[in-house]
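You will see two complexes here that share chain A, one where it goes with chain B and one where it goes with chain C.
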Partner chain A sequence: MKRHLPLALLVLTAIGVQQLTHATGTAFYLTPLTMAAYYSLVIVGLCLLMGYAGQISLGHAGFFAIGGYLSAMLTTRDLTPYQDNPVLVLLDKLGCTVTGQDMFGGAVLHVHPWAAFACAILITIAVAYGIGIPVLKLKGHYLAMATLGFGIIVYRLVLASPLFGEADGISEVPAFPLFPGLAVSGGFESRVSNYYLAWGMVACAMWLLANLIHSRVGRALRAIHGAEDATNAMGVNTARYKLNTFVISAVLAAVAGIFLTHYNGGIGPSEAGIMKSVRYVAIVAIGGMANLWGALVMGSLLNIMSLRGMFGSYDDAVFGLILIVIMLFAPRGLLGLSLPQGLKRLLKRGE
Partner chain B sequence: MLRIKNLEAGYGKLRVLKRISLHVNPGEIVTLIGANGAGKTTLLSTITGLVRATAGEIVLKGQNIETLKAEKIVFRGCSLVPEGRQVFATMSVRENLVLGSYVQHRQGKEQLREGIEYIYDLFPVLRERKAQLAGTLSGGEQQMLAMGRALMAKPALIMLDEPSTGLAPLVVKNIFRIIERLREEGNTVLLIEQNAKAALKVADRGYVLETGKIILEGQADELLANRDVQRAYLGRDVKEN
Partner chain C sequence: MTLELFSQYLLAGVTYGIIYAIVGIGFNIIYNTTGIINFAQGEFVMLGGMTAISLTQWLPLPLAIGAAVVVVMLIGALVEILFIRWLDRPSVLRMIIITIGISILIREAALHIWGDGVRSLPYFAGNEITTIQVLGARVSPQVLWVIGVCAVMVLALSLFFKYTLQGKKMQACAANRMAATLCGISTKNMVTLSFMLSAGIGALAGCVMSPITYTQYDIGTGLAIKGFTVAILGGLGSSMAAVTAGLLLGLIEAFSVSVVPLAFQDAIAITLLLAILFFRPHGLFGSKDAAGLKEF
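Right, the complex of A and B next:
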């Protein structure tokens, strides 16, 4: 019962906020709120990986970008020149394509967003396993370095590849019709439905993750964090647990990337940047590492502030600074903070 | 119960275990004594699959386990209380115990509760501290927790790596009493110790390991009386010449 209380609170808050914006005529807030929800999805996934399984990743913006970019590319690229390609014919038969019109009224052929979604997720899973199997053998700084390397590769790839629009990114990404009556799009008229969709997904993710953490699996994960060999000696397949957690968090990041890209109607290389990964890590740290709800609260707040431009052009600097300050004063997160203790620590250090 | 034949293992090029053979019969306490660096921990790590054997056989309850992964070996009924305890510091005492029963996941809630009660009876101090984080326990309490955690798996064979290290004499006595009690209840124990005297006193049989080789084996009381053992491990200076 105790476990469902925060979830109920989340749902009520989401509804309350929407009602508030409606009542005060500030519905424009719903846009950053929706975007923040998707970023929160990345953050809670990363929180599972970092806080519970104890594996750091400085490459999660990479997974976000893989999802977003693949979906954007597949749903915007005109496939008419390849119409006779047998693969495309098959896709067509399976109903995985859509025809549309370009700016000049010419007929164009795209991959259907659902097919693009499936493709992007499958590739994310493949990449996550491919990266995870060798990399998760590493620990601490080495793991951080390796995932950082992965993040840099993704960033440079999208920046260099014409397929992904180089420095401009991909725009004109169409809406994603999830099912009749609900599409992921940034359109004015679907602002409320998209707000609820995004936060509904966050609630689902929280429900799943909270259950996972309180299960036998979650207990094993927390143990891995403490003493890996000892956990292994308890009969826990630690390698597989770490890997699967890594993949789950990668998929959450990719899903967030896909949805946010369709919501925004585009994606640019900054989404793949290292500073994005650092930001996710910083937020998980502020939330208190092994604290899903802390990560969610902090993630929503900071992302909304950032999206509203409150940090101005010092956006990235702010998150870097936050990371340093948290590590110094409140390694257990802002919510677990007791200020006198933090000061004492610092004074001791100075001695 | 456990039979090891010509086992070799090491780290990279370093050969630590050299043609080790030993066995543990059901219901007995067997102790393995040896100096620092003799390879005792390496032997246990090899049995539990954390270190790979390069040659030889490890047979547990009639089945070869030397190629199995660590987590599979626990499922076969062999639990380790590691050197230095390695309790899960950020989890409560009770959670540590629940995790110990990881391989017993088919048991119901009731059986789990009974299992935990059994451990609390064995180590009453753990009951008093069940909600406390394991990392904040004293050394002796952590050792008891590590033992309780291993017992939660209901192992056929329990292996202890230097359970008495760093503990006060009274606590050591208590630990050895519990090891004896484990045998009385039908458990099989492989006990690794530096504290050779105490170990040989509770054990049925013993082996002496020196630089990766078994150099002596015998009934515990024989070993206790053995001059070489006395000189090397019991700190008794036996004058020769």
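Right, the complex of A and C next:
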């Protein structure tokens, strides 16, 4: 029961915040709050990988971009010229396509967002396995550099491909109709429903991850973090656990990328940049590595502050400073500081 | 491919390759004394170029470059003293994150000091249209400056490690830190010295390359990736192998221009890096057994 307390708290906070913005007439805060929720999905996934399995990834913005860009590309590019392609005919038969009109009234053909979603997730899983199998054999600096290299390759590819809009990115991404009557979109009138949708997804992810880390899998992961060789000797297939964790966190990043792209109505190459990956790592570090709730709290706070433009042109510098200060003085995270004990000591000195 | 074109690519490859080699040696110097990969290595190159460009307002070019190298060496020492010296046996993950943080801070500071414009030092000899003929190819004399200065640096470093007391002390630290401490060598000072040394060679490389490659606040990351590729390719910790590996990477990049679009050129180094990491993490010239003993 105790385990579900934070989850209930999350739901209550989400409702409370919405009511507060409604009461004070500051509903414009809902937009950064919704975006922060999607970024939080990436962060809790990375937290599982870094904090519990002990594997650093400096390329998670790459997975976010794979999800976001594939979904954006499939739902905006006109497929009319390929109408007779057997794959497209099959998709059409399955009802996975939508027809529409372009600005001149001509007929255009897109992939349905759900089909694009499935495609993006499948490709993310394939890429994550393809990258994960060789990369996770590496340790320390090598792992960091290899994941960083993966992130840069994704960034270079989206920046150099006309298909992905090069430096402009992809805009005018349509809304994502999840169920009839409920769509992920940035429309003014659907602001409240999208806010709940996003935080609902975060709550689901937290529930799944919390269950995961309190299971056999979670114990195996923590054992890997503690001493990999010893865990191997105990008969745990460490390679498989690390790989599956990597894939889970990649999928979470891709899901976040897909929904945030449909919410914003577009995606640009900066979402794939190295600074984004570093920022995710910074937030996991400040949350305390092996602390899902810490990562969620710090991630939401910092992302909202950043999205509201509170750091001005020092945005990246702030995250760099956070990384250094946290790693130098509080490697167990801001929430991991034993503040009560420190206070006690101060009080005693006062006496 | 005509002979002229071939030597044109060859010279371009050697020019870039020797710069990558210098960055790779910078990685190795710090790695050898500390076991840390300094992710801020590329930032030293950028700082060297930028500082020299600013100093040319008041000083003649050679003095400005000399002063820039000294300033960046001091910054290197400062970084080590502020962020690394006092940590007690930090974990690798912690050091990776700290040096990444340092590189972001240096880059952002440079952005706020110098702006995001592209800058460059004046050509050391002649101007941007001066060319000389080498092996049938027409190149700027600056190319010879880059190759010459970097080659002298490599030579000076190998002499430094072989014949001077400080150099031998640093090698002792690299071989066995505990034994070096027992012999009365202050390993902490050696670490500071290694940061100064690698900041200094990075800064000098940043100055000589500035007229032809230009200097911008964010060139550090790309150079760091390539320097790291070179360090790994040669076998982490071995400086002279890094030179061979650097030239190899430079030549691969230069000759690939005729096959691969320019936009994907950075991807070549990274693909090479990933391939090396997956198949031969101890490097082309390194020994597998020796690599197994190192911690990373």
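The criterion applied here is as follows: the second predicted complex is superposed on the first by the 337 of 351 C-alpha atoms of A that agree within 3 Å, B and C clash if a C-alpha of one lies under 4 Å from a C-alpha of the other, contacts with A are read in each partner's own complex, and residues count from 1 in each chain.
In the analysis below, a residue touches a chain if its C-beta (ideal position, glycine included) is under 8 Å from a C-beta of that chain, and two chains touch if they have at least 3 such contacts.
Predicted, not measured: the structure shown is a model, and the values here were computed from it.
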item	value
First, second, both or neither for A:324, with chain B first and chain C second	second
First, second, both or neither for A:79, with chain B first and chain C second	neither
Chain B versus chain C as contact partner of A:148, first or second or both or neither	second
Chain B versus chain C as contact partner of A:160, first or second or both or neither	second
Superposed model, chain A: greater residue contact from chain B or chain C	C
First, second, both or neither for A:316, with chain B first and chain C second	second
Chain B versus chain C as contact partner of A:139, first or second or both or neither	second
Which of chain B and chain C A:233 touches, first, second, both or neither	first
On chain A, positions contacted by chain B and by chain C	none
Complex contact set, residues of chain C against chain A	37, 83, 87, 91-94, 96-98, 100-105, 107-109, 112, 221, 225, 228, 232, 261, 263-264, 266-267, 270-271, 273-274, 277-278, 281, 295-296
Contact footprint of chain B on chain A as seen in their complex	216, 219-220, 222-223, 225-227, 229-238, 290
Residue ranges of chain A touching chain C (in the complex, touch as defined)	54, 56, 58, 134-135, 137-142, 144-146, 148-150, 152-153, 156-157, 159-160, 274-275, 278, 281-282, 285, 313-314, 316-317, 319-324, 327-328, 331
Touching residues on chain B, where the partner in the complex is chain A	48, 50, 69-71, 74-75, 79-80, 82, 86-91, 95, 98-100, 102-103, 105, 149, 153
